[in-house]
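Below are two complexes that have subunit A in common, paired first with subunit B and then with subunit C.
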Partner chain A sequence: MKTRLLLLLSLVLLLGVATACVAPQAPAGQPVEVTKIVEKPVAKQIVIYNSYMSDPAPREADEALVKMFMEQNPDIEVVHSTVAHEDFKQAIRAYLTASTPPDVLTWFAGNRARFFIDKGLIMDISDVWEEQGWNETYPAGFRALSTVDGKQYFLPASWYWWAVYYSKSTFEKYGLQEPQTWEEFLQVCETLKANGVTPLTIGTKYRWTAAAWFDYLNMRVNGPEFHINLMLGKERYDDPRVKKVFTDYWAPLIANGYFIENPAAYSWSEAIPFMANGEAAMYLMGDFIRDSYPQEQVDDLGFFRFPIIDPNVPVGEDAPTDGWFIAAKAQHPEAAKKLLAFFGSKEAQQYMADTLGRLPTNMEVDTSNFTDAQRQGLDLIQKADFVAQFYDRDTTPEMADVGMNGFMEFWDNPDSIDDILARLEAKRAELFGE
Partner chain B sequence: MARRINLSRFVPYFFLIIPLLIYLIWVIGPTIYTFYLSLTDWDGLSQPHFIGFQNYEKLFRDPVFYISLKNNIKWLISFITIPVVAGLALAMALSRSIPGERFFKAGFYSPMVLSLVVSGLIWSWMYHPANGLINSVLRSVGLDFLAKGWLSDKNLVIWAIIVVAIWRQVGYVMVLYLAGLAGINPALIDASKIDGCNAWNTFRHVILPLLTPVTVIVVVISIIDSLRAFDLVSVMTRGGPYNSSSVLANFMYIEAFNNYKMGYGAAISVVLFLISLVFILFYLTRVLQDELEY
Partner chain C sequence: MSVKKTFLSPWRSLLFFVILLATLVWLLPFVSAILTSMRSNDDIITRGFLALPRQISFNSYKVAWTRGGLSHYLPNSFIITIPSLVLTLILSSLSAYALARFRFRGNRLFLYMYVGGMMLPFQVLLLPVFRLTDALGLYDTYWGLIAFHTAFQLGFCTFLLRNYMRTVPGEILEAARIDGCSELRIWAQIMMPLTLPAIAALATLEFTWIFNDYLLAIVLLRTDALKPVTAGLATLQGQYVTDWTVIVAGALLATIPTVLVFLFLQRYFIEGLTLGTGK
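After this line comes the complex of A and B, so read on.
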């Protein structure tokens, strides 16, 4: 008797599982429900938005934007999740290939977006560009950055500049001026060093901060055209021009002790305190340094263009552009497009520019309230002959991984540069084919 | 009557159906699929193409593979010696009733309670070259030359991480040995004393042989733990600087999820699986044997 009862019980359990799978479809056939929906003001549409803006200040602004959108569109519910930046980069493949991907995602413009667009994973949003009049209100350069085969897939949201940031008070204390040329820069370093201040702080735990040094030195020494061709795999890493960057410019900085000790032990933001407390004076960094710098000291932060090494070489700058796109398989394309249209609007762009100090892509944004820093940054980029994205955005992820490991190894052991470059060249040949 | 017996025989299987299905779909299935993926060039997005053993050929020529393997071996050797000896010593000391014995037991075991991620973070701060606990103490007692960049020096970094793993493991081994010691019949120890053994001889010729089954399990667990080491490396260095603290699991993770070489990552995990399998099989046969003995 007992065994029969058990058998029955297990059958019931199994049936329960089976029916649970079918259950959600059941109410669909009941027309009575419709009246109920009419009674409510509006049935809420849903749009799923995954964002990598995980640093405190951008996160707050991002959340504020979503809130503004929901206030204007009470019929749409935004399901917003923020994922830590590094984790997001690794998870995006799973997001985009899932059968029910998030609708709207943050991502990087340029090659990194192109990679997914080429695989057909991103939705064509030319209609949004058309309707919103972005073809006129966005500069041609940003439009080109978002376009593949004549169609727009990306919304460039904001961009920021890279520069050498410095502590104004430290510079004042030792009577230093912003250096324009490499000689002046070395002189500044020497003076600081002589006064017991480490000239440059850097945290290379996640390696990309070192890649910024390579980007700038290579662009200043060999020009942006050579640099971007190297990124695209069209130039060789064992080229003597590349070696010169390491041996003639980068190695002396390390050998002279111009960088802080043990940079590999710190993440980029963990290296900030050295500068804030006056032990170090300068940091080659993107403008987001402002978000993580001690708030009461932000006004002490100045920046200057990475010094010119060869005046005959065109000036290249790193100005990474972030933005949004919609997954090709998005479940709620209409609401997603509405959200994107809002993100690209003058209002949203103005908000981001005012709160975070990033530079807006939409030309309608009122720039009269811009801070001095924003004006200076805008000027920096407008004067550049060429704008690159960044080392790990301009080349492929795998090349960037091997390349950045190479930079770290060089940092530890500058004499092994020939071996390192030979290894990078082997990787380049493997990835881009000869 | 006969029919009823048949039914009752099936009942356990009814209950097992769901867990077995889950196990099949989420454990066995992916394992087999990983073997297949290791023979493809899958990048996580496109259709995988079959490329034979190319991933394995590449792997055996990859210097990072050998760095990672060496680091796993360093980890393994440290793990089957230091925590085992230290854990046994602590267990011997704490198995007799001494004042505060419970406090010490709890104290030595407590690192095990923390998640690996938390341990990794805490030690990262202790290793901080400028303001960390370790370097601050060394500097304050005038041993400046010993204050190193623990996690940024390519020769030190893997040892700095292994220390954390050992710190965590000692308490665990201690508890296993304490359980083993509790199972020894005190009459045997009394007998050895009556026969004129001193403390060392009692330990060497009576206690240690009786602990052999525990020792085998401790060693095999340590080997398996050291082969699947990942969390501490991932949290503390991500395998850096330039791969010098990479271990196989971390190498696999970077290749698969950072460089999007899923096929290559699968090949690494297959190799890691095969190495682990040797020890796991040894462990399982040993455990089954023991069960039969008792």
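After this line comes the complex of A and C, so read on.
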């Protein structure tokens, strides 16, 4: 027995040492590639690309884009890594401060990108904007979103809209029309409730779904200008106008039982079945709901603009925009710029729009093949007076965290709103210095 | 006959019932994982996690292996785990031998340092570990991960082996020493074989720990091609949509090596326990 054990142990030892020695240290160390490089006199350029597109459909499209780029540029090798979305949001700080950061990264436009631009971690790509003619082919709004002190740092690539999604069949069953105003909306809720259907489904396990309600109610009641100033820390959370949003509009919805019970028990997608089964009828959500809705029922999904509360207030919408940037310390800036130029090109944007149903930023993209939903969404945003990103993208991450905790607390205990807003205000004052 | 008799006893049958119930409860998550891996994502969204599959399909396993990237994550896991395991065991048995058998100034201090290091929550050290790997040029390499796995496991292994080695009768070592055997040889030819049961047990444990590590892998690696299976599978979690069936199928496939290691080493484990009792 002893000798057998010893034999086994030495075998494991040998194996361990062998694998350690064989283990390649650099990526792309497969023998096939090595011979390829040897055959060609010119070494392949490398560009490292880390992406957070980890949802199944966008991930496939992302991989297809990289493949298209490599086919067009045989001299460039893209080392592409997909990282789980939530992990990426944490890991990006490590990526960007490491001495060898990835060259190209996916990220959120707006305040989230600004955070890294201000720290000097994102490369100025004004030259790419200039060369590719993006200054003309991208709408001024998106250009402004990418610009800090007159220089472009970011490539906004795709965006989607938020709206109130509803089940067409449920609406038909009770003879309901898409509500335009708040009164009509409340009427719809009342009718549904009377018929034993919960008007609104929501899963608030990860909190941001509740933030969407705050965004919209605040924009509809107080106007987008006040909303964005609140996000930027220029308005106070204990302002009576903010309180009105909670007490006059949000609280009645909860008190009347218009939302499903125990929303905090569900993630956003776990709350979908209520709508698909006909137990609930509406969901304030981004267009990605389409990817998760049961495939055979997607055609039953309609959407309308969040109802107007005060007709005198300009219309604001949430339309989160994602895109790409190059790390300031990128090791392969030339190849990285080529990859970025490709991502922003009409061809790549067209591909993303056609396969994913998201909306492109490049105005040259041919919209004739768009689905009805895409057209309706585009129309929704074009008619808006102001486009916000989203609560947790428009304000700083710390503020968003405290804010969303506050929304959850309000949901459980609407009477404590004064305490909650006082706490949010204290945090705002601390973060934005007052 | 005797089997029948045991079943007739009321206490026995009650005990049997309770154990059966506990087993079923314990098996529930595992069974539901297997069921989930055979369903489709649409089915899960419409009918929830705990439901019988409407259609059985093994497609998720295929997808996990190919598109899910298990075919390269799994080898990576071994490339990281095996050297870490070997290094940990060799180094810790050496230090444990020294701490267990040599009298020198600071012996206790070293031991307490090891134990103290064990108590330190690893998450606290993430940032310094990241900075250090980056400074050493080990960031985003297998070696960075192997080095830190080894370093972090060293404390626990040394502590455990040191205590085990102290139970080995000192006379055996004395005898070897009188015969002029070098310390290294005593370690290799006397101490190690006597400690094998402990090492086998430790190897099983450590294999599972290192194999299942997630945090170090996502902090010290950024290239997909180097990631072990834990970090690799996580990339299937999306911002909005998560490919549950594929993740679960992949996770089930990824547990196979751990289970195999455990089953295989467990045999030696029990043999090891009875080792030397007859002498």
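As a working rule, the second predicted complex is superposed on the first by the 393 of 434 C-alpha atoms of A that agree within 3 Å, B and C clash if a C-alpha of one lies under 4 Å from a C-alpha of the other, contacts with A are read in each partner's own complex, and residues count from 1 in each chain.
Definition applied: contacts are C-beta pairs under 8 Å (C-beta built on N, C-alpha and C of every residue); 3 or more make two chains touch, one makes a residue touch a chain.
Predicted model only: the values in this text are computed from it and were never measured.
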For A:Leu121, decide between first (touching subunit B), second (touching subunit C), both and neither. first
Examine A:Tyr351 and indicate which partner it touches, taking first as subunit B and second as subunit C; both and neither are also allowed. neither
Which partner chains sit in contact with A:Thr100 here, subunit B, subunit C, both or neither? Use first/second/both/neither. second
If touched residues of subunit A are counted for subunit B and for subunit C, the larger one: C
Looking at A:Lys205 after the superposition, I want to know if it touches subunit B, subunit C, both of them or none. Which is it: first, second, both, neither? first
Going by the contact rule set out at the top, does A:Trp182 touch subunit B (first), subunit C (second), both, or neither? neither
Regarding the shared-chain residue A:Phe386, is it in contact with subunit B (first), subunit C (second), both, or neither? neither
Which holds for A:His85: it touches subunit B only (first), subunit C only (second), both, or neither? second
Both subunit B and subunit C contact which residues of subunit A? 6, 17, 94
In the complex, the residues of subunit A that touch subunit C are 1-2, 5-6, 8-9, 12-13, 15-17, 19-20, 23-28, 48, 50, 52, 54-59, 79-87, 91, 94-95, 98-100, 102, 268-270, 272-273, 276-277, 286, 288, 291-296
Within the complex, which stretch of subunit B touches subunit A? 4, 7-8, 10-11, 14-15, 17-18, 44-46, 127-130, 149-154, 237-238, 240-243, 254, 257-261
Show me the residue ranges of subunit C that touch subunit A in the complex, using the header's touch definition. 42, 45-48, 78-79, 82-83, 85-87, 90, 130, 134-135, 139-143, 146, 193, 196, 199-200, 203, 218-219, 222-227, 234-243, 268, 271-272, 275
What residues on subunit A touch subunit B, complex-wise? 3-4, 6-7, 10-11, 14, 17, 90, 93-94, 96-97, 116, 119, 121, 204-207, 261-265, 274, 397-398, 401, 405-406, 408-409, 411-412
